[in-house]
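Labels A, B and C are assigned to the chains in the order they are written; within every chain, residues are numbered from 1.
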Amino acid sequence: MSASDSPAHVLSGVLDALASQNLRVVDLSQTLSPRFPQIVLPPEFDQCAPFRMEEISRYDGRGPAWYWNNISFGEHTGTHFDAPVHWITGRDLPNAATDSLPARSFIAPACVVDCSAQAAQDADFLLTVDRLRAWEVQYGRIPEGSWLLMRTDWSKRTDPVAYQNFDAAGQHTPGPDVAAVEFLVHDRGVIGFGSETIGTDAGQAAHFRPPYPCHAIMHGNGRLGLQCLCNLDLLPPTGAIVIAAPLKILHGSGSPVRAIALVAG
Amino acid sequence: MTDALKRAAPRNPILPLRVPTLPPGQRSRAALRWTASVAEGRFELQSCHDCGQIQYPPRDACTNCLSIRLTWKPVSGRGDLISETLLHHSNELYYRARVPLRLGLVRLAEGVTVLTHLHGDCPVAKANESIPVRVRAHLDKAGQAALIALPATDTPNMADDRMLREMTSDPKFRKVLITDGKSATGQALVKAFVDAGADIVWAGLSEPWKQPPGFDAISKLPNVTVVPLELTDPRSVEDLAGSIGGKVDILVNNAEVHRAHGIGDRRGTETARAEMDINYFGLLRLAQSFGPALRARAADSAVPSTAWVNILSIYALSALPGQGTFSASKAAAFSLSQTLRSEMRGAGIRVVNVFPGPIDDEWTQTLPPPKLAPAALAKAVVKALKDGVEDIYPGDVAQDLFTKWQESAKVLEREMWDQ
Amino acid sequence: MTAAPYQGVVIATPVSIPYVRYSTKDAHWFLARALSALLKTSGLKKSDLDGLGVSSFTLFPDTAVGLTQHLGLSPRWLDHLPFGGASGVIALRRAARAVQCGDASVVACVAGDANHVDSFRANLANFSRFARDAVYPLGSGGPNASFALLTSHYMQSTGAEPADFGKLCVAQRANALRFPSTLFKKPLTLDEYLNARPIADPLKLFDCVMPCAGSEGFLVMGEDRAKRLGIPYARILGTIERHNAFPEDPIQNRGGWAMDQDHLYSQAGFGPPDIDLFEAYDDYPVINCLQFEGLGLCREGEAPAFIRKNTFTIDGSLPFNTSGGQLSVGQAGAAGGFLGLVQALRQVTGQAMKTQVENARHALVSGFGMINYDRGLCTGAAILGRA
């Protein structure tokens, strides 16, 4: 390794590149707001808390010189990170909770697969192995340890009703099919799957075999999830580095994150 | 003849707001006992257990035999109007704004002379001729019982009499918020208020991505406007209050989370917390955000703001163990509603508490009939507002449990084990 | 057992402290002035008073007890008289028996009230339990509506006309113009009476008294004492008192005097034709009618005819409320219950000056008070005789 490749040099090079805009930071997170939809389960189950804010004081009698809020949310509220313990298949894995995952897991390259045209036509669009292989023909093999991010432009649906997209048959949002998940986990060794929708799994994934493959298979193999991402359309198909660090919650199954990407140029 | 009520003209915004005032509200303890029965929709007079004497005003002993064993006897209110006056001047601020005022002396069939307001359609009193009238007791704007004599038989637009309207909260021409327009009771309430002649019914909608059957049709009824309302989000409550709060005349808080769990049959407090967050804290948020404008407008026109309705539950009084956390959340809401009533008192806003038994919806699937149909609940709410009462117990189960609770809450506690 | 006659005891020293519409002074001040005037006029010293009778609405939170320390008295007989317009007659009855039996030797009877700008409403709020529970909440804000209801019923049952009531009011005003301290200085015509501002139908402005501040007083003592003092005095020829009369009447169309009328005249030893002047309690004209009837000046229900047949000025066929009555002098609270008695005392002792009725030997005084729910509860009457 030459002097110019020394770790210290690399780091200062990053700072220089950020200062000169040769490296840009892209914000991949939705605003944590009471209006943002949260995942809804059938009523007989307990629910994930929506994001709520209670003002403590606002430069007033309750606190004259300061403004602050008490906030409450579930571990899976808003743009959030899923740890492997979130699913039953991952419950016995070591270092699989938000406080025990190595911090190294929180920085990884990202492959962005653009399914926005298909998702616009079909809310139940499923990402298949064929589609992934076709992507690889263009952009190269999916590197081990990278995120597979499914761009659908679903984050541009700002109306909560359209974002949730329920009807009498349940939710209709795009996601990966079972084979695609198996492929990504076993054939490509991804670190995890990220989506713009409310879950990494498709809205109708309850009916797949196994149900919820992106949770069951990914987490069962110690892989991670990112949901409710946005601005994936600002990322290149390859080359971006995603930084997504969950809160270090004791035995946490996940947490809201400020997910960002470092992008060249 | 009573003139039919007219819609209030839009307020001239440069004129000062007419501030609510109240009739004198002090009462002796015996008179408060009388007010309590009127608040629950009964017209009773004091009766001596020993000699049967009927007396009014309420006393501490029998005016005939001095017995202290006094009970209360329902009376028909039928009587003879023996004298009347038209008051042109009063030292009371409330009445200064309402003169000229008809007052009368009525000799009731029970042999008691009572001083009453007179409905405009009562004939002129005559000393030497029997002028039959019907006396009723209502809560006045101060929330205390007062008497009013009505004509012997109903007359057209009778409910539109000015003094009678002071004592009641008719939804006609009023603007009503139903906090959850989506649930079965909510849809029934929206329809009932539309039918009762409300000018606007705002149907509160939470979690808009979940739309149960029937809601679409309800939202398309005339005068119905769907508004977003998440009772767990203080910002949502404030935003809606900022938008429509200055126009709401009647607020009906029917939003609830209702699950069927006790203590040991569910681990964790999330369900109970969700029940409290809407059933108790939701009420608190609503009262903080909507209360001030509701109070301020209580005298601003001929059709001012008038009432706050809480859909509680009979299980607020005595818990149904199979729905124990739900019962507790309703008990918390009931307690808070007593404070709400106290805080609304100065403006003369009537707080109406509704204590139904099981409602025939998806959350009482395992409870046997009789159950209250949502439409029946809605009908009872509208009637309570028109009658001007405070507490109602609609349906057979609610009536039964309320009677038992009044007789002995401690006995009922055990009877609830087998409900 | 019949009541003993009032031998050896007399009433003396009529005192009126001029009325004012509003005053910042408290009742204690007005009562002090009345007491002071009683002493000055009689020549007695304060320490000579060993009995005190007090009537006042606005003395609260004090009663007669508080007044003893306030004004430095140490009586051996003390009475607080919450009887409103009947207080004068009842004060006389109590004091006279005390002096007769030796429980006191000189009793000062005083009545008076403050009238602050907010007095009227403040008094009303706590006037009586029944008023608070069942009258004021309906809007009357005072006794006007209650008396309007009585007046309306009375007019319908007896055929009384507004002009009948007006005749009394006009006569009383004419009498008042001869009284030095009336609040009303102008004559009243029947037209003005009939066309006055409506207050509570059928009552109009001149049917209602004007509340004001002031006080009245008199002394009760043994006849020997009065002679030794050299002051004019009058005899007490008879008295009656009744409370909550006729509770079964659906509406009050007769007063308690009717129950005790015979007893009054049998004490006096003569009847209504021998009455030379009548000081009635006139808070509203209809009550004057109930007093004419209740005290036998005419039969029940026939006061309208009686009014039409007679004249009521000082030189009329029945001199009536010769200082003007409350309707033309003003009502200084409880002092209204003493006003007629004090004026009657002036008449039979020849001290009535411009309002003097010629040859006034027998004066009838009547009191009525405390409308509690729907009717006045206290009635009383006394006949004073020239000594």
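Everything below uses one rule, namely that a contact is a pair of C-beta atoms (placed from the backbone, for glycine too) under 8 Å apart; a residue touches a chain by one contact, two chains touch by 3 or more.
The structure presented is a predicted model; accordingly, all values stated were derived computationally and were not measured.
Chemist: Go ahead and name the chain pair joined by the largest number of contacting C-beta pairs.
Modeler: B-C
Chemist: Can you name the chain that lies farthest from chain A, using the mean of each chain's Cα atoms as its centre?
Modeler: So the chain farthest away from chain A turns out to be C.
Chemist: Of the chains shown, whose Cα centre falls closest to the middle of all protein Cα atoms?
Modeler: Centre-most chain by C-alpha means: B.
Chemist: Which whole number of Å gives the spacing of the CA centres of chain B and chain C?
Modeler: Chain centres of chain B and chain C, defined by C-alpha means, are spaced 49 Å apart.
Chemist: At what distance in angstrom does the C-alpha mean of chain C lie from that of chain A?
Modeler: 94
Chemist: What is the distance, in whole Å, between the centres of chain A and chain B, each centre taken as the mean of its C-alpha atoms?
Modeler: Roughly 51 Å separates the two chain centres.
Chemist: Applying the document's contact rule, which stretches of chain C touch chain B when the two form their complex?
Modeler: By the definition above, chain C touches chain B via 120-121, 124-125, 129-130, 132-142, 144-146, 148-150, 152-154, 156-157, 197-203, 247, 250-251, 373-374.
Chemist: Chain B touches which residues of chain A in the complex?
Modeler: 34, 37, 40, 46-47, 50, 52-55, 160-161, 163-166
Chemist: What residues of chain B sit close enough to touch chain A in their complex?
Modeler: For this pair, the touching residues of chain B are 207-211, 230, 232-236, 268, 270-271, 274.
Chemist: Under the definition above, what is the set of chain B residues touching chain C in their complex?
Modeler: Touch list, chain B to chain C: 23-28, 30-31, 56-58, 63, 82-92, 94-95, 98-99, 101, 103-105, 107, 113-117, 125-128, 140, 142, 144, 146-147.
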